[in-house]
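Written out below as structure tokens is the structure these notes cover.
We just call them A, B, C and D in the order they show up, numbering each chain from 1.
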Amino acid sequence: MLADHLPALQVALPLLTAPLVILLRTGFLAWLVALLASLCSLGLAMLLTATVLETGTQHYAVGGWLPPMGIGLTVDGLSALVLLLITGASSLALAGGRLSLRKDIDNRRAPMFYGAWLISMAGLCGIAVAGDAFNVFVFMEISALATYVLIAGGRDRRALSAVFKYLIIGTIGATFYLIGVGFLYMMTGTLNFADIALRLDEVTETRPIVIAAGFITIGLALKAAIFPLHVWLPRAYTYAPNAATVFIAACSTKVVIYVLLRFNFEVFHGNLPGHTDLFGVFIIPLALAGIVLASAIAIFQTNLKTMLAFSSVAQIGYIALAAGLTSEAGLMAALLHMFNHALAKGTLFLCVVAFVLTSGSASMDSLRGIGKRMPWTMAAFLVAGLSLVGVPGTAGFISKWYLVVAVIGWDGWGAALVAAIVISSLMAVVYLWRFVELAYYSEPPGGEVVPMEVSRPLRCLIWFAALANIYFGLFPQLPLALARSGTETLLGGLF
Amino acid sequence: MPEYTLPLMLLLPLLGAIVIAFSGRWPNIREAVSLVTAVSLAILVFSWFPAISDGARPQITLSEPLPGLSLALSLEPLGMMFACIASFLWIINTIYSIGYMRGNREKNQTRFYVCFALAIAAAMGIALADNLFTLFLFYEILTLSTYPLVAHKGDAKTIASARIYLGVLLATSIGLLLPAIIWTYVIAGTTDFTVGGIIEGKLEGAAVGLLLGLFVFGIGKAAVMPMHRWLPAAMVAPTPVSALLHAVAVVKAGVFSVTKIIIYIFGVDFLFSQPSAQWLQYMAAFTIITASVVALYQTNLKRMLAYSTIAQLSYVIMATVILKPLAEIGAAVHIAAHAFGKITLFFAAGAIYTASHKTELWQLAGIGRRMPITMAAFTIGALSMIGVPPTAGFVSKWFILAGAFQAENYLAIFTIIASTALNAMYFLPIIYFAWLSPPATGVDMDHGEAPGAILLALSVTAGLTILFFFFNQPLLDLEGQLVESLPL
Amino acid sequence: MKFLGLFNYWVFAILLVIGLYALITKHNLVKKIMALAIFQSAVFLFFITMSKIEGGTAPIVQAGVSGQVFSNPLPQVLILTAIVVGISTTALGLAIVVRLYEEYGTIEDDEILALDRKA
Amino acid sequence: MTTLLIGVFLLLLLVITAVAIVRSTDLFSGVMLSGIFSLLMALNFFLLDAADVALTEAAVGAGVATVLLLAGLKLTPSTEARARPVRPIAIIVVAIIALLMIYASFGQPSLGDPTAPAQTHVAPWYIENTPELVDIPNIVTAVLASYRGYDTLGEVFVVLTAGIGVMFLLGGGRGKPFSRLHTDPPQGLSHYLIPKVIARMLAPFILLFALFIQFHGEYSPGGGFQAGAIFVAGMILYALVRGEDKALAVIPPHVLLWMSAGGALLYGSVGLLGIAMGGQFLEYSVLADNPVTGQHIGIIVIELGVGLTVTGVLLSIFHAFAARD
């Protein structure tokens, strides 16, 4: 019986656990309950994925009111992919981040923190299953507010200034999105995605629709940190508690991109003349600039977390570039890269958790010689780093492959785009290798090599994540199937 | 032989690496494990030799990450030969390494043996690759696993050189080779190595030359100029690593890949008909002559050997692009011949360093009297480089020249003759002064021979260089198939 | 008449950009929060304008009265939610400002940035 | 026509107020102007037939937001550092946005057009079917609590998250709650006679009004959220007059925490109950034999949940600000 309610439970379970968590008395208990809820959500997401792959898209009418009157939930391959990312990243970060979070968050405030964590996760899940444009706004705000709380938990005072900036930009982005939804409602009289797409055809006057597309795209681009709207991201990632960064970096921008794709392909694509070209013209130059410039900036960072954050901006550029091609291969590449980048970045930040746990800081200087002190963690970092670069045999390669194949097929500027991708991949090698050299071939601060590896469970977890990068590089059937099904739904309107 | 033994060739050194990593505390066990792994790998590889000679072509697919893009292994004559060379020389190199690493009291020996085993696993993967994707995968693993070996010393200068090593190899492979592979995949729909090639009819005109360029320069390990910078830079590595780079795995993997791509991706016939692909032989000729001239001006023994290698690699490239049956055999044989000769030379250089810490050419005057065995081996290696009978180098040069005459390719003929002269000009003086000159003033000559393990290793390879001249029939039979199987 | 009928939308646009302008140019964090409120209020106006129907009344059914025209309830519902979201954001933002002031001794974002750079 | 002109007048006032807020360098007057802005906005909403929204905007924008801003200003400097030069580039950018939107507006249906797409698709269905399906007079409440009850669940959690965030940042909730509770000088305005008397008289009525709004939401404008906001306004008035500690004695922090969490849980469990009783998540029709009765039960309970959470959270936030030095 419960199997029919999976889409609703996916959101309700973590959401309703959160109020319980804030009532708990100790940080440990709160952490434990949050972890369990997160793992259960992961289980639900897996069940849902299996169901979607078996029987196709799932529809759910909340409250028993059929959409467009009530709010509909829609879970297809794309949603399933994003759900797996969210719940997986959350579970990984919570499981691996206990000690680190215990250092960052004092026991008294910890229940609040874990409550916010669960709400953030539930909000992201809510976005992923939503079939209603306004519902997306509500859950975007839930997750955004909760994410601000998570980031504000950082020990450094700069976390506060970073989170304030994020709050302002995030709110502007969400409000832009809301304006766009308003224009759409004005011209179609409905809020349901599928229904909007259906009724857009009948709208003869397109001026408000174009404005709506503009507001929605720019608003979401702000929240997704597409270059040059990324200014909030590096500091937010850097000063957030390390474990929270694992979670946020792996999925929060991806979910926004998911909405961006949903809107631009399911709603506008095919209904708005010239939209496809306009979308490409708008997004591709920005994506390219992001890919190249953010990679270049990453090279000069002195803090490991900031470096990885700028790398994220570049990687978001890849996703945007692939989506901007508006081709089937391009979308496949975008969706795959969402998955693979989350995997790699999650692992990298998890290693950062371990590094900071033992050496106290994420600045490059304090991490000198860390490869000798923490050989296991550093090796995992290396594996995930290679996946980030796109070395074959790792997950990152699969999406880069799709990306380059898609780009070559794009008429006109294919070669230039390939060149940009290649250059930024090489820059990724440079910034990663700068750290690898530092970790392996320079003397640790204090001169002596003291083995100070983290606890065995954390090490196992890190390696579990690192091996997942390899597993999905050799056997990418699952993300491929989900990405393919997602591409089909996104382009459904076209063919 | 069942097909599942193919992945075993990768797993065996991999397993060895793991066991070595965990036995780091007991050096004797560690090195015994290295040796045992090397020997069993060689046995495994060689046991396939007869079957492949008889025309068997085992193939096994491990996974298919993307449609038309699989992780698959297969064994064909060219790969068989490369696998044999790499696995066999690994044994000898291990023996040598034990002597060298202990003799020089190197640090981080466990890391050395682990990375070495990983590099061999990668080399096996390259030898067995059934398609470009698999080749690329192991090519990158080889680069990454040899980086710690090159950077072994860990001081600032070494790191800087290792950075060049890694930078050039990764940049060329990601920047040129990968786009070339993807391009091939896009136009041909597959990247499988296929007899007769897969490009024909899919690509024409200047694009063929461009694709060939992406491949050749993308495979930086083949060290065609101007992508050769990494090889002299990598001379900072310990000598067994240089041997690994120059003879056992790395550069061999480079020319092996180029040869394999020309034969199985482009197809010899197709390439022969494409004027736009002709630039490669000029490039190869240029590299041969230039590298030889540069070698002439070197004062450091290992750097001189490095430039010699660059020239010898382009021999293989040039032989391949002569695009005639005899030349193809010559190319394949030259991979083997050069391996034996060059490893001998490096072993000798390492022996000299271990025994006397001499690295410069002028210090070698008169050293033959102190280290007769070493210098005898060195002489044999040098003669093989020049191509003097009865050494291995003569056999391959003979085939290449025959192929060049068959094709009436005067550029190739001239290049081979000129470079032979140049080789003689930089090797013969060393041999002469080492045996016949008194020591230079201020150079200590109070040392004897290197440790036994080192001597054993270099005697074996020197002996093989000679033996190869007399007993090369099995290899010729094997590579003869390459030609028969080619529609020439 | 057409112009008068669109006047609400123009005011929405103007309020929106007034808020946006202040958000971009003002350095005082409390001022930014006020600007954010104006910015969001503009959107509320936009939606509620949409819900109005000529001659309509608030969508509350009165017993015994029939034939009434009701204005559209849906945008009103959406804006009820949006108002709540807005106040929640304001509260959280203010809490962050208070903490920032405690840590930095200023609520001007350029001064905070300067202090960050120094660190 | 008259209402239209009044509307135009109000809108112009809105713009002027907004400009004044932006230009004022004294943050206190900025806060006051913001309150006026919200009131004007609420009046406008009222003119546009949005009674519920007007009530909410008045309670939240003019009431709660003003109190929060004042509480925030108490803890931070109250003037902007210095006047800054106008930035021409920013003006150009925002002017372009405004012009684009005004340009687009000519493609939009004008105010009050009954044939606009927005009025012809989903909305009429709500108006036609609510009497039969949900049977409560206030269609806004029906949409809010039932048809789009899932959004409202989200809304409650937005409020809860804000509460969590403020308590996380400024303290509160469980444990050592607020940094300053018992200080020697008498707090609040209790030493002024007139406010004291007025507040004493007013507070019970405000609280009573809140309860009315809470439980009369189906019939007239109002509901859990507005009720919560008004209840909080009453409590804040009480706190201002009698002092923080007295207000906290009436509803201690841990009770506020329980209210916040409990309200959200109450709402959520109604949703889960729907599943347990064989319906969909948040389906109230299955809660009783008669679907319409089920809807009534569901709406009353979730409105209660909303009211609890809003009260708990807003009061916690207020105390968290007020208790800080």
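Quick note on the criterion: a residue touches a chain if its C-beta (ideal position, glycine included) is under 8 Å from a C-beta of that chain, and two chains touch if they have at least 3 such contacts.
Protein identities per chain, from UniProt: C = Na+/H+ antiporter subunit C.
Just so it is clear, the structure is predicted and the values come from calculations on it, not from any experiment.
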Chain nearest the overall Cα centroid: A
Distance between the centres, which are taken as Cα means, of chain D and chain A, whole angstrom: 31
Separation of chain C (Na+/H+ antiporter subunit C) from chain D, taking each centre as the mean of its C-alpha atoms, in whole Å: 12
Chain centre separation (chain A, chain B; CA means) in Å: 44
Computed distance of Cα centres, chain C (Na+/H+ antiporter subunit C) from chain A, in Å: 28
Shared-contact residues (touching 2 or more other chains) in chain D: 101, 105-106, 108, 116, 118-119, 122-123, 126, 148, 151, 154-155, 158, 161-162, 165, 169
Numbers and ranges of chain A residues touching at least 2 other chains: 134, 138, 141, 145, 148-149, 152, 185-186, 191
Sites on chain C (Na+/H+ antiporter subunit C) at which at least two other chains make contact: 16, 20, 50, 74-75, 78, 81, 85, 88-89, 92, 96-97, 99
Category of the chain touch graph - line, ring, star, complete, other: other
Touching pairs - complete list by chain label: A-B, A-C, A-D, C-D
Of chain C (Na+/H+ antiporter subunit C), residues touching chain A in the complex: 16, 20, 23, 29, 32, 36, 39-40, 43, 46-47, 50, 74-75, 78, 81-82, 85, 88-89, 92-93, 96-97, 99-100, 103-104, 109, 112-113, 116, 119
Complex contact set, residues of chain B against chain A: 62-63, 65-66, 69, 71, 133, 136-137, 140-141, 144, 148, 151, 154, 159, 163, 166-167, 170-171, 174-175, 178-179, 182-183, 185-186
Of all residues in chain A, those that touch chain C (Na+/H+ antiporter subunit C) in their complex: 134, 137-138, 141, 145, 148-149, 152, 157-158, 160-161, 163-165, 167-168, 171-172, 175, 178-179, 182, 185-186, 191
Interfacial residue positions of chain D with respect to chain A in the complex: 100-101, 103-109, 116-123, 125-126, 146-151, 153-155, 157-158, 160-162, 164-165, 167-169, 173-176, 257-258, 260-262, 264-265, 268-269, 271-272, 274-275, 279-286
In the complex with chain B, residue positions of chain A that touch it: 386, 389-393, 398, 401-402, 404-405, 408-409, 418, 422-423, 425-426, 429, 433, 437, 440-441, 473-476, 480
